[in-house]
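What follows is chain A paired twice: with chain B in the first complex and chain C in the second.
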Partner chain A sequence: MSQLAANQLLSEENINPPTSAAARVSGMLLGLGTLGVAGTIVGSFVVGQSYAMASWHAMAMAALAITLGAMFWVMIFHLTMSGWSITLRRQFENLMKMMPIAIALVAPVLIIEIISGGVLFKWMNPAVTAGDPVFASKQPYLNIPFFVIRWMIFVTVWMFLSTRLWNLSTRQDITGDKWLSNKARFTSSWGMPLFALTTAFAAFDWLMSLDYHFFSTMWGVYYFAGGVFSSIATIIVMLFFIQRTGRLEGLVTNEHRHDLGKLLFGFTVFWSYIAFSQYFLIWYSNIPEETAFMVLREQHGWRYVTLTLMWGHFIVPFVILLFAGIKRNKTTLTILAVWMLLMHLVDLFWIVLPNIHVGELRTVNMSGLWVNVSAALGVFGIYFGLLARRVASGPLVPLKDPRMPESLHHRNYV
Partner chain B sequence: MSSLTPDQSIAEQIASGAIAGGGVGDSSLADASLNDDPSVRPPLVLNNRSFHEVTEIISGYAENRPGKWWLPLFLISSSLAGVCGLMILYLVTTGVGVWGLNNQVDWAWDITNFVFWIGIGHAGTLISAILCLFKQKWRTAVNRSAEAMTIFAVICAGMFPGIHVGRIWAIWYVFPIPNYNYIWPNFRSPLLWDVFAVSTYATVSLLFWYMGMIPDLAMLRDRADKRLRLNADGPRFCPFFRLRADTVRAYAYGFLSLGWRFSSRHWHRYEKAYLVLAGISTPLVLSVHSIVSFDFATSILPGWHTTIFPPYFVAGAVFGGFAMVLLLLIPARELFPNMKDFVTMRHVENMAKILLLTGSMVGFAYTMEFFIAWYGGNEFELYAFKNRALGPYWWAYWTMISCNVLSPQLFWVKKFRQSIPVVLFVAMAVTTGMWFERFVIIVTSLHRAFLPGEWGMFFPTPVDILTFVGSCGIFLTLFLLFLRFLPVFAVAELKAVMPQADPHGHDEQGGD
Partner chain C sequence: MALSDYLPFLPASDSGYVTPEGESVFGIMAEFETTPQAYKACEHVRDAGYTKWDLHTPFPIHGIEDAMGMKSTILPRIAAIGAFAGVGIALVGQYWITAIDFPFVVQGKDYWAWQPLVPITFELGVLLCAFTSLFGMLALNGLPRWHHPLFKKDRFLDVSDDRFVICIEATDKNFDPAKTKALLEEAGGKHIDLVEA
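After this line comes the complex of A and B, so read on.
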């Protein structure tokens, strides 16, 4: 009888991709994305080139964080031989498979930077760094050839890992070979240290070096923490829209949502722990080259953004997500996930934008807000638009995963 | 697709003899718990035990005489504990000059030991709280002893800050107690936060451990009581009194089990309380070692001030704690009859994997520290790190690297994860390495200050060494007492992960 029930759950109409709906949504999002790109380009002339580029860079890094976070989760699910998450895993894999898009979204700003000689990355500009003894000691790391080499290494590692994990999972859809699960586990095991190192150094290269005097050993963990929880938030939103089309009924239940909510809660707290530890140790020790980073974000109106992060990224969602009922309700959990995604964007703006304001615009630039919104629309219109197509490109669950029964029977209170 | 849940199918396969119920004796390397087939969950209890057998075996550890090994071990470890007591007495009556501390290196073995023990105290709560929240069923076999280990490690840890102040009679000043001199501790000092963090952690861990034990203590009580009733003329405890061992047990376990009656209302509240305590303990696991790391990282001393310290210390603590769990449980599963059915090779392998993970996390933190020390462009910071690796304490640094980062890398190979001697060797290496990590952090940063006139070296005195060895004695004594007199496994939780606990599968249709 449960055989029958399982078959009904895994019936064609329940797991087939929502092709027409996806095409509609994707068209709309890509349209918005195009508008956003246009807005950002206009903004670069009206408000300032560096401002528009910084906005775009912040958003592209946010999208990259989500993609890397999804890859982390796929590897964790394999490594822990997780059973409950099987019906969700394909969505994590779809998100992970956005890797080329995320890399492509980050690329334009980096290319323009290298060609134009450092508008955001001031260390690329010899006129700025001339006679700076601090820079001189960092030059073996912060130079354009090595920067490009590292970039290529990151891209290679991420593309290889995401493609391999994707292929192992989709091959299992066809062959049903259960031992592919163990292969994926093995890939994840050695993939994890590579992932950790590349993510940390990418965060150093593409975010921390925006202020080349600043340094923090925590920086890689901070960027990783942002990606881990925002990918969970993205999955919650994706599932909401997929289920709107009548798919995944009974496959992704409130039990799964409850656990996703717990992970969202847990990693919101984790992000806050990392963010607080970093802030606190810099604040307490008060060493000039570190403190400058935090001082800047307490002045010129950035204080309000900092406080928004404190309340909106930690305190408020912490209290709300404590309640089981909210995590088990599709609507409330999705609203919170959207909120957390917005906070993730604010976090990246908070990291990138203050660097630009130095010497150019001393305060938070409210008149440039529309450029930020355009950049967000541009990056995420394209990202989510293509994600919708990807979701529609194959079955919505890993069809023949050997642990599928566990996920179908997943319950929190037994 | 199989219509059976994995637990069900494994149960059926065991019943039909399709797979072995579990290895016995020395052939444990090939036991069913190591089944790597992704479509089945390997059994967590081997040899197809019934619930009754589980009760008998586990109660037996507390009720029967232990093997011949117990008493000699206990005598040795309690003598060492006595040595620790004598050393502390000598320290208090003489002064901290009996240690190798000097003007320059004014923290050394004392704080190293403190951080070492408090780190070991992390694995227990991690297993019981975080693995509980992540619903990792394998934790049930190791959580009780790991929690006990936590408590004992925290006891050893708490001793050192107390005695390192020199004037131990003034230690009460660390607590904010109103007094006529208006002397208050500095609330802005992480050292004070440490007092709060560690005492909170000790309290919550104790509650967690004790609360979890209540049903099992009640089980021991009821068994003693039943034997007294059935066998009124049984052997006496002492020839001169009418006192019998079971009478003592019935009263002692009865007192400790707080009137537990196995009613469903009791179980309901127990489970709620367990979940709440797990929720509270999880941030505590993180906070304690984060605050310990603040002791160092809030300063501006090169080598101490680095922002990755909080998560790095937590990872290191879990690392050291799991190594200690393995060091304690591997001998225990050899020495106690039938314990291998509960602590299977799968459990050992899982813990080996956690050692690999946390060891690599610690390695990641070392890499970040070294990279940023260079990248930061601060010559003093860079000097501190170069001095660690190449200075007079180079041997401590390289011991740390080889024990903490290199030795767990053996666990990439499945054969090593499943080999008891290798696991034991790595666990010992990690325990050594984690002690040296704290020594490296504390001593190498202190022994080279900004002025050459402030350079000095630290060498331990015999009192230093014997105090540390003695603290190991205290730890082992308490753990041996725990093994002898208390329920070593959480019986109800262990039974809940056996196939019999779920005879119909957790399928809501329940049709098959």
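After this line comes the complex of A and C, so read on.
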């Protein structure tokens, strides 16, 4: 440990929080966020209340997916006792600690829905579901009291896990007690199944039930897959901006970036695998309640969004990320990460927006595009603005983690 | 890695150097006693421009690939060719059968539907990628093989215990029995010896 303290790489100016830069970035992003919120509210009067709410809901769920994905990575790092990721782990933890913000961003639409009786979640409206035999069979699960109870369970589990993992890590910064790593590992061991169940059911409740006739057992994994890879993409972008301030030099090297790139590649493939499996089974079995979901997304202009996802979310990044040189280059990897984040947003829009009517058709609404952009700016302006503040709130690496030397000497041998 | 290594009945390929006594030579070996000595010697041999040589050690040494100047393998590129060949064969083959050669209605789907092609395409891509990775790796490192000239040397057996041996092969373009021996001596090698092929 004394050897470590003397390490040049862990000197004060390399790991202290970039306070002034973060304040500048955070102010700018929060300004954009405010504009976005205002735009969304204006949009709800100009384009339509349901359209604005759906846009906001899609983006808030995207932010929640990133946060949950980051929590998944922190737990995986602890469970596998991974050494390479130590210098990156604090950024994952920062992202994970955005949990209250992400939950708060999702909450308004859910509250409005429950109070107003279902504009997006039509099953909340008894007038719509009356005499629907499909709904009658789902009613024991899809009812407002149980919906709220589950919501509270999700929030409790996520808040508890994220807070506990964060506290264990930051306490180790001060005490250097190596047994805290074991405690974090134990927490992750029972936290992981809880995380899996809550994430899957939250995806069922908040995305799949938008079309309450539709069902897919793959849905929870689909949402999880989106979150896992988009959190990796967010970390890559965060590291780019942190290193712009001259910090983490030599701590986060191209070796670490290569591994992040591999994970980005792997989980892009995983997402595609899940997405295709879901689509393939629905396509093959041809059951009306299921196919309605896909048929809708092959018509009225949604076809182009579907094709955009197919090419932009899988085929093109797949081929590009095959090359080691691209994963080991800061600029190219960051550009790809930004692209993957955008694709994640398109994915969530693709899930949510076709569920609402625009006029008579559930069509792509080009005149409402600015509301989508406002919602994205609103949610992610606030989310990333507060994230910048969080990054600046403490040291950039877990200072006294016992596996730190492993991460400093990490190599890929290519 | 000559073909005759796998098929012993074939005539052995030219070893690159034959002694005045008519003995064909595999290379020159030199012993080292400690890891730092072996590491330094590797850097020495690397800087002298040799490419066909190897270090034999009882355990892995960190960073030795830099000291030896080893280049990264071309195996990923071979595997990628295998993978994309698999994808291509699967797509073309299936499409030709289902849409052109023998159109047959299955479950009321289109003849030219792309969806059923995906699992096979994926599997054949993975299969050929795995095959080219495995067999490409074996072809590149020349394994498995029956025998190695170094096994004839009793002193070489110590590398499984506490010795480090550098062996420079006679087929290296810089190989010269006197100069190479001098280089290994300069690098601190002991018991320098010619290895018969």
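Here is the rule we go by: the second predicted complex is superposed on the first by the 402 of 414 C-alpha atoms of A that agree within 3 Å, B and C clash if a C-alpha of one lies under 4 Å from a C-alpha of the other, contacts with A are read in each partner's own complex, and residues count from 1 in each chain.
To be clear about the criterion, contacts are C-beta pairs under 8 Å (C-beta built on N, C-alpha and C of every residue); 3 or more make two chains touch, one makes a residue touch a chain.
These figures come from a predicted structure and were not determined experimentally.
After alignment on the shared chain A, the placement of chain B and chain C results in a clash.
By the touch criterion defined above, A:A388 lies against neither chain B nor chain C after alignment on the C-alpha atoms of chain A.
In the superposed pair of complexes, A:M81 makes contact with chain B only, with no contact to chain C.
When the two complexes are overlaid on their common chain A, residue A:L309 makes contact with neither chain B nor chain C.
Within the superposed three-chain arrangement, the count of touched residues of chain A is higher for B, of the candidates chain B and chain C. Of the two partner chains, chain B is the only one that A:Y141 touches; chain C does not reach it.
Of the two partner chains, chain C is the only one that A:A324 touches; chain B does not reach it. When the two structures are aligned on the shared chain, A:Y284 is found in touch with chain B and with chain C. Of the two partner chains, chain B is the only one touched by A:L197; chain C is not.
Stretch 58-66 of chain C is the one among 22-30, 58-66 or 184-192 that clashes with chain B after the shared chain A is superposed. Where the contact sets of chain A with chain B and with chain C meet, they give residues 280, 284, 286, 414.
Only residues 65, 72, 76, 80, 107-108, 115-116, 118-119 of chain C touch chain A when the two sit together in their complex.
Here chain B touches chain A in the complex through residues 1-6, 36-39, 41, 133-136, 283, 286, 290, 294, 297-300, 305-311, 360, 364-365, 367-369, 372, 374-378, 412, 505-509, 511-512, going by the rule given at the top. Residues 1-3, 5-7, 10, 80-81, 83-84, 133-135, 137-138, 141, 178-179, 181-182, 189-190, 193, 196-197, 200, 204, 213, 215-221, 262, 266, 269, 273-274, 277-278, 280-282, 284-287, 289, 400, 402-406, 409, 411, 414 of chain A touch chain B in their complex. Of all residues in chain A, those touching chain C in their complex are 276, 279-280, 283-284, 286, 322, 324, 413-414.
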